[in-house]
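As structure tokens, here come the structures.
What follows is chain A paired twice: with chain B in the first complex and chain C in the second.
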Partner chain A sequence: MISSFGYYSLLTATLLSLLEIITYIKNYNQKNYVAHQFIFYKFSFYFIIISFILLIISFANSDFSIISVYENSHTAKPLFYKIAATWGNHEGSILLFILVISAYGYCFIISKRKIDNHLKATVVFIQNILLIIFLFFLLFTSNPFEKILPIPNEGLGLNPILQDPLLVIHPPFLYLGYVGFSLIFSLTLAALINNQFNIDWSKLAKNWIFLPWTFLTVGIGLGSFWAYYELGWGGYWFWDPVENASLMPWIAATALIHSVLVMEKTGKLFSWTAILALLTFILSLFGTFLVRSGVLNSVHAFANDPERGLYILIIISLLAFVSLSLFIIKIPKQTNENHFTFLSRENVIVINNYFLIFFLTVVIIGTTYPILLAAIVGKSISVGPQYYNSILAPFVFIFLLLMATGPFMKWKQSAFFYYKNIFISFLLLSVFIVTTLAVLLQQFNPLFLLGILTSCYLIISTFVDIFYKKNFKLIVTNLSRFFSHLGFAILILSITLNYFFSKELTTNIKLGENIAFDQFSIQFKDSKTKNESNYQELFGTFNIKNENMLIELHPSIRKYIQPSQFTSETSIKNNGMSDYYMAMDYSSVQSEGIGIRFYYNYFIRGIWLSFILITLGGCISFYTRRYDNKI
Partner chain B sequence: MKKIFLTFFFINIFLSSVSLADDKQAIDIYKKIRCLVCQGQSLHDSNSDFAKDLKKIIKEKLDNKETDQQIYNYLTSRYGDWILLDTPVKQSTLLLWFIPIIVLIVGIIILFKRTVFEKSKLS
Partner chain C sequence: MSPAAKKRTIYFLISIITFIIIARFVYVSLNANTVYFFSPTDLKNISEKPNGIIRVGGLVKKSSFAENKQKQIYSFVITDLNNDIYVEYKGLLPNLFQEEKGAIVEGKLKDKKFLIGNKILAKHDENYMPPEVADALKKSGKWNKKYD
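Now for the complex of A and B:
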């Protein structure tokens, strides 16, 4: 019953969206288009919500007459994870994808800002087209309400590593982020079609970039944190293709945030901004393709199907082709030439944009090259973290220096020498800090010194930027930049410290045994088992001694009943900003003892702190710009 | 670029305490080898039977004073390039390494052409 109703809600939503499109085309030449208030679009949105809620209910009730519930749920699971399973599978996640596209269009319609009627109608029209494309994709290739006969008594269960509280909120945030870029895509195309791609557009567009960008930052942060404590590999970023898939639109959007600013303040970079806006969403779709198509070898690549991948690829090509053609035909001839005064603020931003594009290129090439090589030549190669680290690291440092310099520059004129003394004093202070740190920590590796130097330089400059420039008074309008730039500086600082001072040990240990390495000693004290509703758990008790500190860790191994699978649960305890981290491995040979992986993760909490700061910057930016400038 | 980075990396390893050198060398290799039976894990991150066996083999080879390169050669001859997480520069990976460098250079040229050098008005 519920499943049929869900399916018909989706059909109704599709129909309503089509009606909205017909209305738009019919009224295209009439001035007062918005009279009917996008009533079809709104109702289509409501029906999508209804079908999503119905799918959640089906999962919560373990309605195994629906294939996607049968394949991804199990009665023994706690209710929380039954609900999370709704978007933990392909069908449900595509429905969530559609819900987010629809919701962004809806928010755009009801937003209080005064927007030119014609532009508004065209934006909703394009958003609607995107909506219909994905509704068709859902209905024809991945119907979440598809039935199964005879009705099974029990489901197959959800992949245990997905049964985690963070994973319940991680995908929605990620989708609110990268699917959210659909609106800026529509906004760009609509402005191009209507010949309204101008400075007013950039003022309107800013907000619709900050919102999804902030969500995506949270999504990536949560994903990274999840990988850290759930996978048990001790790391926070693996340059895994699926991680890269979410990073690509993030980098493009970060570049876009800055180029829109240049467009707004100087009337330059029109075509560049348009390209970035279109590219951001195309990259989001490309990411969806990578994750969903099964072309990847990744810990994240669940629920994939080559045929669906092909459809997504066709959609991407189509959208890329249409948007690029529109861009070429309609991009306005600029009044201002794209030349930049050396060391003006826009020039520094342009250089930073260039670095971001370089980072983006490296990530795209690194992710797609092995896939293309395998497809074309038939050779399989791996591109591991070493590739990204070795190419990106040197440039990140220059990037940081530019981030520190930009805010002190003036728009449209060179002001470098005016602030020369400030820059020199920052540099001296940073050099002093680095020297002290290097001596204290006995670490003189050039990469370490550069990493600390540049991130300290950026940290100092962000504080001066916010407090000093107006005689020690807080400059509220710059708060968003303060938090996001400070966050990025702390990110690089933490990564550097973590890279050089973390310790790790992978070994086998027997009950009662004591292993010493570096300044640590590890003792396997005790083990016990426990039974839960959907798994059995084996806990170990380990004493970690670090000089005079004693820490007890309790990692465990879970044996899930359905699907039958082992997972290892980490145990993490912090000492200030650093973590003691341990995971156990199931060993088939009992006599060898149990496999353990111990990590001392130096300053890792700085990385989580930096995610929070960057997110805070995005939130403030969105909040303070809500009402400014009408179009 | 990669060479410079690796040079720094190895100098660092060399400088760090000599007694641990053997172990660090082994771990460094484990990190650059893919665990073939896992999903996207390195040998170092994995405790699968495959990883354990391969670690043992690598350790033995190191004890026999074989160089890193010899070990990598041995592994690729047995399992193919797929096993190397640290992508080597060779014919099939030429574009992988050079496209970023080309983008870098072309970008600098464009930036340079678009920049107007004028005397600072504020100095």
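Now for the complex of A and C:
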């Protein structure tokens, strides 16, 4: 019953979106197409919401007459996870994807800002085309309301590693992020088509970049945190292809944020900004393809289907082809003023943009090389994390120095020599900090020294930059940069510290046994078993001694009944910014003792802190720029 | 050559050189960190023994698992049901390591029938088959619907 309603409301939404497109085309030459207030688009949005709610209800009620509910839910699951299962599977997540595309268009329509009618209508038109493409994809290849006969009594269950409160919010944030880039894609294409790609456009576009960028940052942060504490991988980032899939649009969008500022302030970088805007959304779709097609071997590649992958690939190629052709035909020819000041602010930003594109290229190569090799030569390979670390690290350090320099520079003129003394004093101060730290921690690795030096330099300069502003208003307008740049500096600082001082031990331990390791000693004190409704849990009690500190950890292993699977629940306790972290492993063929993985994660909380700061920067920038310069 | 043209040529040359250096750097790093995957049959058919770290995947052969308690070494056989490879592994066995289930072992070859493993990858649920293993089984013609 509900499933039919859900399906029909999706059909209605598709129909309404088609009507909206017809209306646009019919009225295109009469210039009065805003008169109807995008009524079809709005109603299509409402119907998509309805079908999404109906799908949630079906999951909450465990309506096993629907295949996707049967395959991904189970009556023994808590209500919370039944609801989360809605977007924990392919069909539901594509519906969420569509909901987000539609919602961004809706917000664009109802936003208070005065936008040129011609532009507005074209943006909605393109957003609508994206919407219809994905609605067709949903209806034809992955209908979430597809029925099953005879109706099963019980569902197959949701993968237990997905039964976590963070999973409930992690995918929606990611989707609000990278699907949100659809609007900037539409905005760019619309402006190109209408010959309105100009400085006013950049003022309008800024907000629609900051908003999804902030969501994506939160989504990536949550994902990283989830892998750390729920998956028990012991670290924060693994260069897993799916992590890379979300990182690629993030890097492109970060470059876009900066280039759109240059465009707004100096009237340069038109084509660069347009390319980045188009690229960001195409990379988001490419990420969807990687996750959904099954070409990857990753923790995220659950149930997948190569045929769907093919459809997504066709969609990507089509959008890339059309948008790039439009770009080539319509991009305004810029008059090159040719007054080139090497260290003006825009040039520092441009250089940093080159760096970002380099990082992006490295990630794209590392992620796609195995796929291409498998497709062309038929060889399976994997690219180790050392590839990324060794290439990116030295360049990130230079990147940090540029980040510290840029904000002091002026638009269109060089101020480097004016601030020469400040830069030297920053440098001296950072050298002092690094020397102290190096002696204190007894670590003299050049990469370590460079990492600390450059991140300290950036931290000092962001603080000086904000506190030397002449008045309060200037402080407020620069606050978002302060937080996000500071966050990035702390991120690199924490990663460097974490990389050089973390300790890791994997071993087999028997009850009562004591294992000494570096400055730690680990004792397996006790174990006990508990039965829960949908799993059995084995707890271990471990005493960790670090010099004079004694810490007790209680990791556990859950054996789930449906689907039958083991998960390791980690136990984490912190000491300042560092974590003591332990997970157990269980193997049915192992005779005695139990496997443990112990990590001493130095300064890892700095990484979570930096995610929060960067997000805060994004939020502030969205908030403070809400109303500036109407066009 | 006009000053502007000269300047442009210099920029052009600098960017070409930078590009070549960076491309070379990326290429070297990529090669150094690439791990190849082999099925037991692949290993049988290749003429030269691969050096460095590789991955081998397939099913853990039934009743092949053994444990050396003194040295804490596990040994087992990875099979694609046509050919086998003997594996010795020192370390932890992951949660989902079981006989007759899929597994991928990373390590170095001692010879073409003997792998010294240093890592076992089995992070998924019990019905999950790593795609490489599925391919290996399909290639050996022993793919069975029950693995789906």
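Definition applied: the second predicted complex is superposed on the first by the 617 of 631 C-alpha atoms of A that agree within 3 Å, B and C clash if a C-alpha of one lies under 4 Å from a C-alpha of the other, contacts with A are read in each partner's own complex, and residues count from 1 in each chain.
To be clear about the criterion, a contact is a pair of C-beta atoms (placed from the backbone, for glycine too) under 8 Å apart; a residue touches a chain by one contact, two chains touch by 3 or more.
It should be emphasised that the depicted structure is a prediction, and the values quoted were computed from it without experimental measurement.
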Overlaying on chain A: chain B and chain C, fit or clash?
clash
With the two structures laid over each other on chain A, which partner does A:366 touch: chain B (first), chain C (second), both, or neither?
both
Would you check which partner chain A:585 touches, where first means chain B only, second means chain C only, and both and neither mean what they say?
both
So in the superposed three-chain picture, is A:136 touching just chain B, just chain C, both, or none of them (first/second/both/neither)?
neither
Chain B versus chain C as contact partner of A:506, first or second or both or neither:
both
Report for A:557: first if it touches chain B alone, second if chain C alone, otherwise both or neither.
second
Using the touch criterion from the header, give the chain among chain B and chain C with more contacted residues in chain A.
B
Return first, second, both or neither, reflecting whether A:384 touches chain B, chain C, both chains, or no partner chain.
both
Touching A:565 in the superposition: chain B (first), chain C (second), both, neither?
second
Contact-wise, after the overlay, does A:238 reach chain B, chain C, both or neither (first, second, both, neither)?
first
So chain A touches chain B in one structure and chain C in the other; where do those two contact lists coincide?
297, 299, 358, 361-362, 365-366, 369, 379-387, 390-391, 506, 585, 587-588, 595, 597
Name, in rising order, each residue of chain A that touches chain B in their complex.
233-235, 238, 240-241, 297-299, 301, 338-343, 347, 350-351, 354, 357-358, 361-362, 365-366, 369, 373, 377, 379-387, 389-391, 393-394, 410, 413-418, 444-447, 504, 506, 585, 587-588, 595, 597
Given the complex with chain A, which residues does chain B contribute to the contact?
1-2, 4-6, 8, 11-12, 15, 27, 32, 34, 39-42, 44-45, 47, 49, 80-87, 92-93, 95-96, 99-100, 103-104, 107-108, 111, 114-123
Could you list, by residue number, the parts of chain A that touch chain C in their complex?
159-160, 294, 297, 299, 358, 361-362, 365-366, 369, 379-387, 390-391, 506-508, 557, 563-568, 585-591, 595, 597
Please name which positions on chain C make contact with chain A in the complex.
22, 25-26, 29-30, 32-37, 55, 65, 67, 69, 72, 91-99, 123-127, 130-132, 135
